[in-house]
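Shared between the two complexes below is chain A, which has chain B as its partner in the first and chain C in the second.
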Partner chain A sequence: MTSDTVRAAPRTPPGTVPEPTPPPPLRRRLGDLPVAVLFVLPAAIGFALFYLWPAVRGAYLSLTRYNVLTPPRFIGLENYEKLFGDRLFWNALKVTAEYVVLNIVSQTVISMLLAVLLYRLTKSMVVRGIVLLPYLVANVVVALVWFWMLDFQLGVVNNVIEWLGFDRVAFFGSDLAIPTIAGINTWRHMGYTALLIFAGLQMIPPSVYEAAAIDGASEWRTFWRVTLPLLRPVMALVMVLSVIGSFQVFDTIAVTTSGGPINATRVIYFYIYDLAFNRFNFGYAAALSSVLFVLLAGIAYVQLRLSRAGESDLRGS
Partner chain B sequence: MKRCLAVAGAAVLLLSGCGAQEEPEQAAAGPVTIDYWLWDTAQQPQYQACADAFHKANPQYTVKITQYGWDDYWNTLTTAFVSGTAPDVFVGHLSRYPELAAQGQILPLDEYVTKDKVDLSIYQDGLADLWVAKDGKRYGLPKDFDTVAVIYNTDLLKKAGIKPEEMAELSWNPQDGGTYEKVIARLTVDKNGKRGDEPGFDKKNVATYGLGLNGSGAGFGQTEWSMYAMSNGWQYGDKNPWPTTFNYADPKFKETIKWFTSLIDKGYMPTMDIVSSGVGQIDAYGAGKYAMVTEGSWNTKTYWNLKGVKSALAPTPIGPTGKRASLFNGLADNISATSDNPDAAWAWVKFLGSPACQEDIVAKEAIVFPAIKTATVKAEQAFKDAGIDVKPFTMHVEQGTTHLAPIAEHWADITATMTETMDAIFSFKADVNSLDQANATVNGLFG
Partner chain C sequence: MARVRWGRVAGWAVLVLVMLVTLFPFYWMLRTSFSNTRALAAGAADLLPVDFTLGAYRRVLGLSSTAEAVAEGGSSGTVNFWLYLRNSIVVATITTAGQVFFGALAAYAFARLRWPGRNAVFTLFVTALMVPPIFTTLPNFVLIKELGLLNTFLGIVLPHLLMTPFAVFFLRQFFLGINAGVEEAARIDGAGHVRTFFRIVLPMSRGPIATLAILTYITSWNDYFWPLLVGKAENVRVLTVALGIFRSQTPQGSPDWAGLMAATLFAALPIMALFAVLGRRVIDSIGYTGVK
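Then we have the complex of A and B:
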């Protein structure tokens, strides 16, 4: 409510029948709308320009054969038909799913642990800052540094492994490449996710913990019965964000394995990029992007429904 | 940040160039800035020197050089073509220019060549032909060439008891690998100090591999396997340039690859898992993990600059045909069709292809071999002055054992298919007979 609306409210003494009032002035009927529009406008323009328009154009291009340098040629649903028979597309989906599952599980578990530790053990801003550090380093830099450290023949990690008496590990070989990349990205993102969860933890009123303590609940039980359920809205947000983020994995792969060995790390985004920018197959790449869009929208919707993200178990506090 | 500003500056200059275009015959009038892109940092100084010399001779022209790493180069260029901010002149590549020519993005130079009576016979034989596209038009003047040779670690060779003279006379065959494989085996050492040709050699725990590996080579294998396959009498396609069918299913190719990958199985060459889990062949060689590698001439200086290893060159081995073989590749500069000052761009391209740049400047830097015959001799001398005997690279040109790099349409699609297939073969997840299917897919592109 703005002060305008307060001032415009009719002051009728209690018990009297209100006189028929004239229709409210335009300003009042619109309420907060003009201000709201003003505030939403910059974001809306950005959204329309950089997301909506490209998405609409992408959907159109997915129905064409287009190599960027010559005008697109309409071919109907041909790209989509091709997509269903494309072995590499299905492989890309499989590899991406593998990555997403590994990344989400490790990232969520470690972040949750970190957040609880941060919340229970320290109030230090320095420690919170340190936890966030990996996230502040650019993705490509993180990937390159890890690529060096995990190098089979020269990397410090493999030197330590050998020194401990084990065999060297081909971290980016066909079997381990996806787990390795998931691990690298977990390392980078866990601090950020931990802070999101940490913020959620701070919203839980201390009184519920006191009540749990009075009831004699153990730390473990308190976590499962009090903390986790009350974190649900935050966790839902974290999950949606990180699932979508994980699906979009690209840079780590681009600077390490480039989709190889064979097709072990050809995730969907890398495949789309490869088709568009290396092979000038923009129409087909757009079709893949459209399918990915529908897929991600579906996953986000299901996640939000399942986790009832809009509601909280905190009532009356 | 600095580069961003520089690029923005270039864009502004380009825009002002656009404005000036409205008036006809403007090229001779005001000063013109020519935007020039290249990808190799090692070569930037020498071309900057050429640019300075060019500016001195033609004060109305200034060349602005922008460098992008190879991985970003072609994407940035594609985007620049779409957004209309492409450079006037850029370093082209044989695997890329056919597509750009077919789409009308680069300018044919024939009229200029005729008008200025450019003598194409000054270049090493064959190099100028590489830049005539399928439409019969010329898109570049050769600026350099490259061949392939063996680079070996002289200390490791000595320890293995192999004499440098032996390295010059190696031969190979697809059956037992010949003397070439014997040397590779001898140079391989396991963790216990046992050599690859000694009983009790542990192929699972190798400390130094006799031969390094850069990757499966996809459908090109320039520095990986092309010198073996071609010295076995194999050719990429039915003709070159512009093949209509490829020969990846040829028995000669299959037996070459089968022999080459057997080196991995024997423990003489790293596995694909190791290769894909590594930063690169050069660094592994520098760390003494590889005793020898097969490399392109453009990387020579990089190997000599490695600290802690001393290197020497040896020619690629003689194959079953009785001859050695090396791919013969070269670069040239392309002019964007959208250039605002094609005349200025041509003046720069002509200068880059002339003795003034290649012989007086590029040859002396000893980074690459200039395309002009007389300049090649000077470059050999410059390498020699730097302590590098580059005969193993240039002997291919003298003895006529070079093979022009394949120039074909659909190269990106061929690469996609062949990367997958060759990676699988090199990882022992597929048999060499999977090349039948891959070759059919490749040939299908030309159907």
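Then we have the complex of A and C:
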């Protein structure tokens, strides 16, 4: 259901919204306009000021040189041209992509496993509550706890590793920092994602499992041939949301590595932040945000296309 | 049959392992917060607090003198925990109240009132769901700065106070599902739209409104990026921002881990308390974020 609503919403052509009340015959052309204005006005102001205007302005600022203190100066596409030759930009893209892939793969696999286990083994709210817990605390909190646990000298993980007879691991060194941060965020999100998938599992009618059982299909086979295909719409939605969220990683990096060592964790979001607020290069930062915007829109589009998210296999069966 | 049972045992083993991995960092936070930072090196892997002390909490709550703090490996800088807690509460509460209330008003107009341009405006609103926050964040920062609202509560809450596409979308979806008969009966009795909304629709929507409020409160409480940009000043600094700053105030190379963990635990505590009280409601609410 969730997948349908999300996909359908922005595309709803005018007129398909269900009309709850049949038009009272005496109503005038304007309908409830005066009351409606009253009801929508606060939200409309919020939308205009903090969504619409900044979107327009962001696009404009990306065509300017702007340091916030003096008025923006129009420079055309210079910022975008500069992007192509910016080593740090390509590095940021590479690092972000690496993070997204690691994070999404580990998170999806673990969450799927966890969701199936929850579905098959227990209805306990306590168990579900426990797996959800990390998602409820702030990114900053999660980042700090793991930063402490993975500390090279004093962290418990490294002390256990040494006790087991191995060498200590520099989790936040340049080689491992991105996988480490991907792992930390997997830890935070796995329960949450599992619950989303779990909700999808609950929507599969028991009759299809009964049919599979009658056909003598093994559990393994049932999972691959029945469960997974039926989960596709939910998985598509979960994947799109996770990928988009994953691209915007910032908090964890800001409180642990701050983009370092050197540029090993300077992801796009952090680079934009750095450009705008440490180097006061707002125009260039805005250009980068525009590129990120287009990139995310493109990825979401391709994902939804590839996964045919809106179609459910249930209808056909 | 036996095979299936073994499968269950293996399944439970994995599930218990996942729960342990989930809970251990929380325990470690607690364990470290009761330790003496200076003694941590000696017992880095001890399961119990090292050299048990309440010093970290005293430091975080501003109860210990500089000399005491330094003796236990803390910094001389004080953490104004109560102030940051108050700020977090103020920001999360105002954001939640505004967003839910104004979101409900707009959602009602989109779901129930008939007016020209309704669908077009709604489509426009929902399109904003697709825009990644960073794209609007930089210009919003500029706007808040121009309005002279940097380092004010208003500046921190304003962008999410009047509307978020999610809130409007979510509540409209619910209002559409309410049986229109009840409202019509009220209208026939002579109640206007405003009255119908406050007397009938709002009370009927307690459930979804609570769901939205919980989600908004948690999101707002945990937000870091925006308050970092516009609210670094001490008097409006929220807990997440304060934690980041506390972490970077490292005395002589090694952070005050016990103090940091005590502060971290405090920052997480209100949400965990909310979770403990509302339990099931929070878990059920999470399912709705799928539409976010």
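FYI, the second predicted complex is superposed on the first by the 266 of 317 C-alpha atoms of A that agree within 3 Å, B and C clash if a C-alpha of one lies under 4 Å from a C-alpha of the other, contacts with A are read in each partner's own complex, and residues count from 1 in each chain.
Note that in this section contacts are C-beta pairs under 8 Å (C-beta built on N, C-alpha and C of every residue); 3 or more make two chains touch, one makes a residue touch a chain.
Since the model is a prediction, treat every value here as computed from it, not as a measurement.
Chemist: Looking at A:261, would you say it contacts chain B, chain C, both, or neither? Reply first, second, both or neither.
Modeler: In the superposition, A:261 touches chain B alone.
Chemist: Once the structures are superposed on A, label A:68 by its partner contacts, choosing first (chain B), second (chain C), both or neither.
Modeler: A:68 sits against chain B and chain C alike.
Chemist: Quick one: is A:211 in contact with chain B, with chain C, with both, or with neither? Answer first, second, both or neither.
Modeler: Neither partner.
Chemist: Between chain B (first) and chain C (second), which does A:302 come into contact with in this model arrangement: first, second, both, or neither?
Modeler: neither
Chemist: So, A:203: does it touch chain B (first), chain C (second), both, or neither?
Modeler: A:203: touches no partner chain.
Chemist: Regarding the shared-chain residue A:191, is it in contact with chain B (first), chain C (second), both, or neither?
Modeler: second
Chemist: When both complexes are superposed, which of chain B and chain C contacts more residues belonging to chain A?
Modeler: Ranking chain B and chain C by residues of chain A touched puts C first.
Chemist: Taking the superposition as given, does A:228 touch the first partner, chain B, the second, chain C, both, or neither?
Modeler: neither
Chemist: Is A:77 touching the first partner chain B, the second partner chain C, both, or neither of them?
Modeler: neither
Chemist: For A:152 in the superposed arrangement: first (chain B), second (chain C), both or neither?
Modeler: The answer is first: A:152 touches chain B but not chain C.
Chemist: Just to be sure I follow: which residues of chain A are touched by chain B in one complex and then by chain C in the other one?
Modeler: 68, 147-148, 151, 153-154, 277
Chemist: In the complex of these two chains, what residues of chain A are touching chain C?
Modeler: 2-3, 5-6, 9-10, 12, 14-15, 17-21, 23, 27, 29-33, 35-40, 42-47, 49-55, 57-58, 61, 68, 110, 113-114, 117-118, 120-122, 125, 127-142, 144-149, 151, 153-156, 159-160, 163, 187, 190-192, 195-196, 199, 219, 234, 237-238, 241, 244, 247-248, 250-251, 254-255, 269, 272-273, 276-277, 282, 285-286, 289-290, 292-293, 296-297, 300
Chemist: Taking the complex as given, what residues does chain B use to touch chain A?
Modeler: So the residues of chain B in touch with chain A come to 74-75, 78, 81-82, 99, 103-105, 205, 270-274, 276-279, 283-284, 287, 289, 412-413, 416, 419-420, 423-424, 427, 429.
Chemist: Which chain C residues qualify as touching chain A in the complex?
Modeler: My answer: residues 7-8, 11-12, 14-15, 18-19, 21-23, 25-26, 28-29, 32, 40-41, 44-45, 102-103, 105-106, 108-116, 118-143, 145, 158-163, 165, 168-169, 173, 176, 180, 183-184, 192-194, 197, 218, 221-225, 228-229, 239-240, 243-244, 247, 254, 257, 260-261, 264, 267-268, 271-272, 275, 279-280, 282-283, 286-292.
Chemist: Applying the document's contact rule, which stretches of chain A touch chain B when the two form their complex?
Modeler: Those in contact with chain B are residues 67-70, 147-148, 150-154, 167, 170-175, 177, 257, 260-263, 274, 277-280.
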